[in-house]
Amino acid sequence: MPIRVTVWGEHRHEKKNPKIAEIYPDGMHTTIANHLKKSTDLKVSTATLDEPEHGLTEKKLASTDVLTWWGHIAHGDVKDEIVDRIHQRVLDGMGIIVLHSGHFSKIFRKLMGTTCNLKWREADEKEVLWVTRPGHPIVQGIDDHFIIPKEEMYGEFFDIPEPMETVLISSFAGGEVFRSGVTYTRGAGKIFYFRPGHESYPTYHNKSVLRVIENAVRWAAPAEGSKAITYGNRKLGWLDAK
Amino acid sequence: MPIRVTVWGEHRHEKKNPKIAEIYPDGMHTTIANHLKKSTDLKVSTATLDEPEHGLTEKKLASTDVLTWWGHIAHGDVKDEIVDRIHQRVLDGMGIIVLHSGHFSKIFRKLMGTTCNLKWREADEKEVLWVTRPGHPIVQGIDDHFIIPKEEMYGEFFDIPEPMETVLISSFAGGEVFRSGVTYTRGAGKIFYFRPGHESYPTYHNKSVLRVIENAVRWAAPAEGSKAITYGNRKLGWLDAK
Amino acid sequence: MPIRVTVWGEHRHEKKNPKIAEIYPDGMHTTIANHLKKSTDLKVSTATLDEPEHGLTEKKLASTDVLTWWGHIAHGDVKDEIVDRIHQRVLDGMGIIVLHSGHFSKIFRKLMGTTCNLKWREADEKEVLWVTRPGHPIVQGIDDHFIIPKEEMYGEFFDIPEPMETVLISSFAGGEVFRSGVTYTRGAGKIFYFRPGHESYPTYHNKSVLRVIENAVRWAAPAEGSKAITYGNRKLGWLDAK
Amino acid sequence: MPIRVTVWGEHRHEKKNPKIAEIYPDGMHTTIANHLKKSTDLKVSTATLDEPEHGLTEKKLASTDVLTWWGHIAHGDVKDEIVDRIHQRVLDGMGIIVLHSGHFSKIFRKLMGTTCNLKWREADEKEVLWVTRPGHPIVQGIDDHFIIPKEEMYGEFFDIPEPMETVLISSFAGGEVFRSGVTYTRGAGKIFYFRPGHESYPTYHNKSVLRVIENAVRWAAPAEGSKAITYGNRKLGWLDAK
């Protein structure tokens, strides 16, 4: 049974800024989705902010095993009701991959319980991403490091809870470091945050970046497909455990 | 310099229900505070839901090193604005001890990012709390286990993120188990959830329970007093790291 | 490509004690292996203490993706050289499932760095195992709890490092609790400790117990088959990262 | 009651190499100890490899609350018997601070259960250490980063178990990164690994480095002084928990 992936994109920069449209004519989400579509074990669709319900209806989410999320300038336009819906689906077992500036999205901050703040600088800097968990499924096919020639810098302190696993750590030409690939679980859902992907660089055309996203999708897929895990506030009679 | 503790109580059950008032004539928070006041290294005050701003003004929180929280029937009456204020103070370094039914409080759920759901039963059950981290500051002076003769049952699955440390696990007469003492950090703040304390039992008169709360207050106190840790979304110039 | 599983058994009790031989005529390892053999995605073999090199030659381990381990009265007979060999294979990516009294095996203690001590009692006690991570691959197909009618009791404090994930917690009729299903990683290898399985009970005929072992084998299998992850003490020249 | 610190040094480089002796005439351990002696809450002594029992007799360890460890060229000369003694004391509650090349010491590898391998290069490189846990006691008084002008490079992958907390991450001029300050617990003992301190640089004269070591000593001190935590393999009678 294929893993059903929904690639979500804010899709605003690409419509407003010709330079960004040149890199991603159909939006970053389409570039990512096109890569994933090459894998026969993945069934890929997309959704964007300006669709009704941001493209994430109850039905759509119920048939999504893994959601990827890129947002930046319009986090505030994402409706709380939809955020709550995504949140519940993650707890029920849907995987979520949060990309780059998605660190400040409502859904990521709700899942983390922290501000998700960080330091940043736009200076066309070289980023070196080092693997800190060789053998982890998310870095399958990746050597001990890979390089992105020009990216925005993100620097520590990154205000996230202590990760379950730190899979990648970046250094930047300016001397900063950043936990660039970190995993969590919340309820039955698996979460991966992956740093690279500033809109003004062709980062989502980079083979290693795409490979990490593809790996992460497989890693985050629920063990039992999209079946909701039902648990919760439940009053037990005396003999329930017998 | 003493640790400044604010013991927060919902203080509704005790005013409405004569049976509960008999156990806690001045409220659970007063019983807890009176115990803590015996320690000269603690400077203890209280605050309750029905005070202006729930007794948790900016000034009050700024001079609180550790907050303890008991709520149950009125979680919904706690204003979001005050919850956000507490949340920011925790990230800045204030410790927080969440007691019993506080598992469903807005502040605990915001810090955890999960539903904090659990199973429960009121049946005057014996609870045995086992130490799973001997030597941890929170169980100083506690033997390998202690018993509460009659309590409400809380059972797994408890929908919380994987704890940093699991310090206590309970069994109940009905056969259930529960992670009864768990630690987290969020930002610079330390968090301890401690299970016992249903309003209809004299649990906060139990010496072991009080000892754990007292220990947890010392454990959760920030390293540098109440000084706010300032960090955040910060744009760096190229040479900042040099 | 199937997962290559080696089911290792000490296989001494079954040869010496007629009562145990009655439950496991061909040894506990054979009972476990026979269950796993029903799955076409698993390629199953066995190995025992009294074979040359304990059945775990370099070649055998190199072609093992997941090793399961049951030992009890003869931990001391396992050669240090073989323990070191298993240890290196785990770091290189082989999964390992440690069962019951295997908590005191040389390999488990070497991986944990602690004594792995616990409390115990043999009294034909009912054990209730509660799922504390619904949706986790290891408890796929398991309800919120399952019961073993008669087992040896293991009680906390269990001297292990804080687990990556606590998947199952047991209660016993005597009131004790135990972290019965816990996960770790060391190097590229995944580790699962699973409590049940005292030799004098038919525990490895229990469907839920067998299901958890089967699930754990799939969970622990390396992402890239048995390919060794090569890393280590490596001197770098200046330009290696460029 | 002061914290009793024993600063352990291999003390071989300083006796053999005049250039190193120039930086540390009385040994690195003496330089570190002299700094700690300025704090009235610390009672400081030293021990070295070539003393009888490496200066770590049963009596000495029994009266040590926190041990700091620097070794490099003579890890193999440390007797297994003494390593086992230190290991047991850590499990019983003694804190341990492992410095720089101590990553390859017998005691650290025994506590970790992994190879503790890493990449390295000696090239007089600038190291920038970034705080990844603001507010943590170990980085009290440290700004968001500090710089060591010339140091040996240590690079990821560092083969350690996932830390409890990652407090500091370094970048190096060559582009590598390293988890430079990480915490663990084993049994009742707290463990801190701290990267800087190659023998050919005056690193242990650096104020920030000394401050981190001093902070870590206070953080690692047991809650109940040197009192051994007694637990272990214990057979329980039926009513023990009652």
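For reference, chains read A, B, C and D in written order, and residue numbers begin at 1 within each chain.
Just so it is clear, contacts are C-beta pairs under 8 Å (C-beta built on N, C-alpha and C of every residue); 3 or more make two chains touch, one makes a residue touch a chain.
Nothing here was measured: the structure is a model prediction, and the numbers come from that model.
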Name, by label, each chain that touches both members of the pair subunit C and subunit D. A, B
Let me spell it out: compute each chain's centre from its C-alpha atoms, then which one is farthest from subunit B's centre? C
Which pair wins on C-beta contacts, A-D or A-B? A-B
Approximately how many whole Å separate the CA-defined centres of subunit A and subunit B? 32
Which whole number of Å gives the spacing of the CA centres of subunit A and subunit D? 37
Would you pick out the residues of subunit C that each touch at least 2 other chains? 128, 133-134, 144, 155, 157, 162, 164-165, 175-176, 185, 187, 231, 241
Chain touch graph shape: choose line, ring, star, complete or other and state it. complete
Report the residues of subunit B in contact with subunit C in the complex, numbered from low to high. 126, 128, 130-134, 144, 155-158, 162, 164-166, 169-172, 175-177, 179
Which of the residues in subunit D come into contact with subunit B in the complex? 92-93, 128, 133-137, 140, 144-145, 164-165, 185, 187-189, 222-224, 229, 231, 241
So in the complex, the part of subunit A that touches subunit B is made up of which residues? 91, 104, 110-115, 117-121, 123, 153, 155, 157, 159, 161-162, 164, 174-176, 184-187, 231-242
